């Protein structure tokens, strides 16, 4: 892929990422990850100080799948709609087959009572693998600007 | 248009859409629509359950024009500034001449007292017609994440 | 530069602009400006009425540098993390060597107590100079939608 098409592919990946969460198609969201993958949520403070204590840690795709199944069956609380705004997508090659991606995000949640509000802001630091013209997520690091998450993180960020 | 230029054209259209509302150039905003067009605002809940009960329904361009005229003459209340953030613009061909566009949005309003706050989040589902190198909106569907609109929708979303 | 690459260059510039502030690399942020440059923050009301009374005025790069040094040494208050979302980046040539750039932005701040909230929304109206494949900021005009800035502007917008 050329440099522009690398950014295009990264934008495509993150746009799909946002759309699948926001449309509540979480099972399809898992398909954006490679079989060998990790998904971490880390407060910025911990990240900056080198304390790798994540709020959430999914060390492989099966844990991600389990999490979605559990969300579907158990989580009757904290029902809401998500809405992601992802901006500033930057991509650079990492060897022949991989890409490093960074982006800023804001996630809004709307409660069933109809209140929309800011839920979380932060940045993504991802590593993806080329898979034809597409990219699959190998490592997803969600660095949130606050350690104080308003309430339980139910759906993925 | 090629696939990349299709996205570029969709981004151009939505960037102009946002700028003309945010700059209070609402008469120019109407020019982004085809003569035969529709503009609907629908709460997500209604949309997902197939209840097509819009909050606002403009079945053609003349109704849009009337609405802007009425806004200019009658609306002395709820004066504010709008600010749109539109992200995740995706475009796909719909036949030879049309394009389907989806995007996420957040709209902020700033009151004359100087308070900026989140007004609405949701997504656009649009259909546009190619018009040379540009696109004209044929159908605009604004799906807002909450049925509870903080106050009267005066300016378009 | 071609029209698409002009927009790409403008997006690259603003993505770097956001990342360097949000990563607290303010000394690197200054490097995005040309030696002869200006940086103004202006409330929208003043801008629209032609009252050029800026909230902040940096008439050249040395003032920007001083400001960052002063921020580093003196500002022990209002510590926070910034997060920029920049969307709707439009670029058009301005003579052979310059580019006019417009964009919308939202800035979120997260306090050390862990609260993330909207800090400011508005638009950028910039002028940049081509410098090889990159752009350097010659004039930065930050037009904020509210004159009422929640608290002291410490870090740049």
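Remarks
Chains here go by letter, A, B and C, matching the order in which they are written, and residues are numbered from 1 within each.
We adopt the following convention: a residue touches a chain if its C-beta (ideal position, glycine included) is under 8 Å from a C-beta of that chain, and two chains touch if they have at least 3 such contacts.
Since the structure is predicted, the reported quantities are computational estimates derived from the model, not experimental observations.
Overlaying chain B onto chain C using CA atoms gives a rotation of 120 degrees, to the nearest 5.
For the pair chain A and chain C, the fraction of shared interface numbers is less than half, so the two copies use mostly different residues to meet.
Chain A and chain C have Cα centroids lying 27 Å from one another. Counting partner chains per residue, chain A shows two or more touched chains at residues 85, 87, 106, 118. Taken together, the chain C residues at the contact with chain B in this complex read 4, 44, 85, 87-90, 102, 104, 106, 118, 120-123, 145-148.
Residues 8, 14-15, 18-19, 22, 81, 83-87, 106, 108, 110, 113-118 of chain A are the ones that touch chain B when the two sit in their complex.
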